[in-house]
Amino acid sequence: MSADGLVVVRRPERTLFILGCVAMACAALFMLIDVGGQWDFVLPFRGRKLATALLVGYAIAVSTVLFQTVTGNRVLTPAILGFDNLYVLIQTCLLFFLGSGAVANLDPRLLFGVEVLIMVAFSGLLYWGLFGGARRSLHLVLLTGVVLGVLFRSLSSFLQRLIDPNEFIFLQDRFFASFNNPDQELLVASFLVTLGVSVVGFRMLRTFDVLVLGRETAINLGVDYQRTVALILVLVAILVSVSSALVGPVTFFGLLVSNLSHALVRTYRHALVLPAAALVAAVALVAGQVVLEHVFAFDTNPRVIIEFVGGLVFITMLMRKAPG
Amino acid sequence: MKSLLAAAAVIVIVLLALVSLFIGVGDVSWAALFSPSPDERALQLLVISRIPRLLAVMLVGTSLGVAGLLMQMLARNRFVEPATAGSAESASLGVLAATALAPQLPVLGKMLVAACFALAGTALFLLILRRIPLRSVLIVPLVGLVLGSVFDSVTTFVAYRFDLLQSVNAWKTGDFSTVLRGRYELLWVTLGLTLGAYVAADRFTVAGMGEAFTTSLGLRYSRIVALGLVIVSLVTAMVVVTVGMVPFLGLLVPNVVSLFMGDNARRSIPWVAVGGAGFVLLCDVLGRVVRFPYEIPGATIAGVIGSVLFLFLLLRRDARVG
Amino acid sequence: MIEAKNVTKRYGTALVVDDVSLRLPVGGITSIIGPNGAGKSTLLSMISRVLPMSSGNVLVDGLDVVTTPGDVLAKRLAILRQDNHLTSRLTVRELVTFGRYPHSKGRPTVKDQEHVERAIQHMGLEALSARFLDELSGGQRQRAFVAMVLCQDTDYVLLDEPLNGLDLKHAVSMMKQLRTAADTLGKSFVLVLHDLNFASCYSDHLIAMRDGKVAFQGRSEDIMRPDVLRAVYDLEIAIQHINGDWIATHYR
């Protein structure tokens, strides 16, 4: 993907600055448009929504960029490999085996913790599939992931059918959150988890850069490849859990965000790419929400719009130049 | 060996078919049917519900399997099927458009609208593929999935507006429990289409080897592609309108058959047809047994079994898939 | 010194490298030759720890490549493999700077920058240093990658077919540059080469592999002989002695 003519001079820092300004403007617009005097109610309500959107955008952006760095491929995302669907499956399983009564009594943060742990375990499994033993071809891994995604989705809907309809409604209400009813405790827990991931990731930024050169060159340059990859996959699994817990599975958004930010900043340096991706995600989500609410007067999960725009942009990108 | 396999397959399918006829909430038993004074109600149940259901299941399995095979030859990629090439999603969008804009349209009309949409969607998919430089095995199914989700999001958006989300879900998840006499007969057309595919099998095999190869053999590539597109779209539209989409079938069955039989369409189409029918039949029967007396849609079962089987195929050693 | 002991690579039942024990001399250029599928690249990859071995071990200056931490080895041994495909857009200078990663961990100092300049000069890439890799020809890209490994400033440099994609002029200059680096900087190069005559003219030591085993090894005049090459390649190869070099004529 090249934004020919748009970014001729390579000044990633400047691009980043502009992106930051746009993101702030979007956030301000989101908070202040059409308040109509009800400040006490509107500001905290919108603040929670904004926080959710920013957190989700950050989690999706960072997880996708890191995942693509590890796999050395710009068309793979954790979502395509079934991570999101797994999260839904874990939730459904918990409800199925514990029953809605038990689940309702559990602290949502504890539940979230358990789910994150299972996700991390899965990423470990995937790690063996991807990088352990005989190395498999990339398209085999991709296809396996896609099929696993379908398996998880089908299993979820299978279990949901087995669940009592009343419990199922509970499941839907409780588990498939949207921007509009973010659970405050969950939000705080997600924020803390994301913060932890970011601290670990920050210390490895330069190692991420080396991974861009591919496995063999990275090993040649002295990176402990297996350990680094395993750690990144753990970080990715946690971030995917965060975004899935807050808004449910979003398939192509990460793809869009990552490719767009790479095209905008055009550098291999994660210290620039990662913030850029997070900002692109923030702009897309917040601006999308503003447009949805105030132009279409359509107060619902913006996932639909994200998938639509994300899909179209992605196909256009592929048609210009195949990445990976 | 192969004839033995064929015999085994047929026996299994006949057994499954018998099971399928005799399970359900309403009591249809051998004794009730063939006693000196047949139970009138059981007979009616059999004729109105059970037999049509069995036929619908077999027709859907046969035609979707063959449609998957055709898609794989047209896209020249093993990993596409109507449900991963935008066909099923665009067909759903078509039904939705017909339902929302012209609710009085008869089923046949809706089906035709859906078929037009499916045709456009699938053609778009192939067009995009042609426009993508450096097309890799990996990109092709991905493009289909992305395109499908674009159609899907439009469908969801519109359905939400018209309060039709539930119907949309029904089109997406194949469920045979609603099949009754008088409501599935459209599916017989798919049998004709499948036979058509068989007649033109050699052409599809050639087209599967690429445009240059096809042209050098003196055949018109674009015509073969058009024919394939029409068959795939019509089949998809009919299945979506009558019972809903069954995932994985079009991917799984042709790939399994190709492992044993190679890629000559004339040889593989009958096997794909039989395999597809058997697979859907198995899923439908399981869906009715697992949580008796409730039913789990066949498509859900197909998703579970299909993906596990497919994973097995993919990951076993020396897999030839791909 | 690099020492391989009973190194074996097995894929299922196929033996790609079969119990190879080998000492690679310090200093100069060692070239591994042999027909396709002889296990040359596989051996090189295992020596450089990029590919795990099925059994055996490899010592670099007494350090076991499997157990020694990667960043310690990265200061002693560098490897460049054949296909170097990147998804990110990097300039030549950025790529070469990565060669300093083992020393600077991503924060290059002034001294590191000097190394980078020297490597760029050595490979004749000054004019291209600000260009993106994907804007270069295959040969130019290959030189940029070689510059990166040279910049790593290790005693041992392993190159898998460094002449791949280079035209005659650049192939000759690549070999000359490696020769200079070996002679003036005292580095040891281990190359996998397909071109017998390049191997013969520039190497101090030749290793001929066949069927996963080392068939012969020695100086050019020991290996560049019809009977030896017949045993390695199954081909009648006449040898001429021209201007002090042993040249194989195998075109007819």
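Points worth noting:
By letter and in written order, the chains are A, B and C; residue numbering begins at 1 in each of them.
Here is the rule we go by: a contact is a pair of C-beta atoms (placed from the backbone, for glycine too) under 8 Å apart; a residue touches a chain by one contact, two chains touch by 3 or more.
What you see is a predicted model; the values in this text were computed from it and never measured.
Removal of chain A from consideration leaves the following touching groups: B | C. Using CA-based centroids throughout, the chain positioned farthest away from chain A is C.
Comparing the chain pairs A-C and A-B, the larger number of C-beta pairs in contact belongs to A-B. Distance between chain centres (mean CA atoms), chain B to chain C: 54 Å.
Centroids of chain A and chain C (each the mean of its C-alpha atoms) stand 41 Å apart.
Spacing of chain A relative to chain B, judged by their CA centroids, is 33 angstrom. Contacts with at least two other chains are made by residues 324 of chain A.
Per the touch definition, chain A reaches chain B in the complex via residues 75, 80, 137-140, 142-144, 146-148, 150-151, 153-155, 157-158, 161-162, 251-252, 255, 300, 303-305, 307-308, 311-312, 314-315, 318-319, 321-322, 324. Here chain B touches chain A in the complex through residues 79, 128, 131-139, 141-143, 145-147, 149-150, 152-154, 156-157, 160, 173, 247-248, 291, 294, 296-297, 300-304, 306-308, 310-311, 314-315, 319, 322, going by the rule given at the top.
Those residues of chain A lying in contact with chain C across their complex are 68, 72-74, 134, 205-207, 209-210, 212-217, 219-225, 262, 266-268, 323-324.
Interface of chain C with chain A (complex): residues 11, 45, 48-50, 69-75, 78-81, 84-90, 94-95, 98-99, 101-102, 105-107, 148-149, 152.
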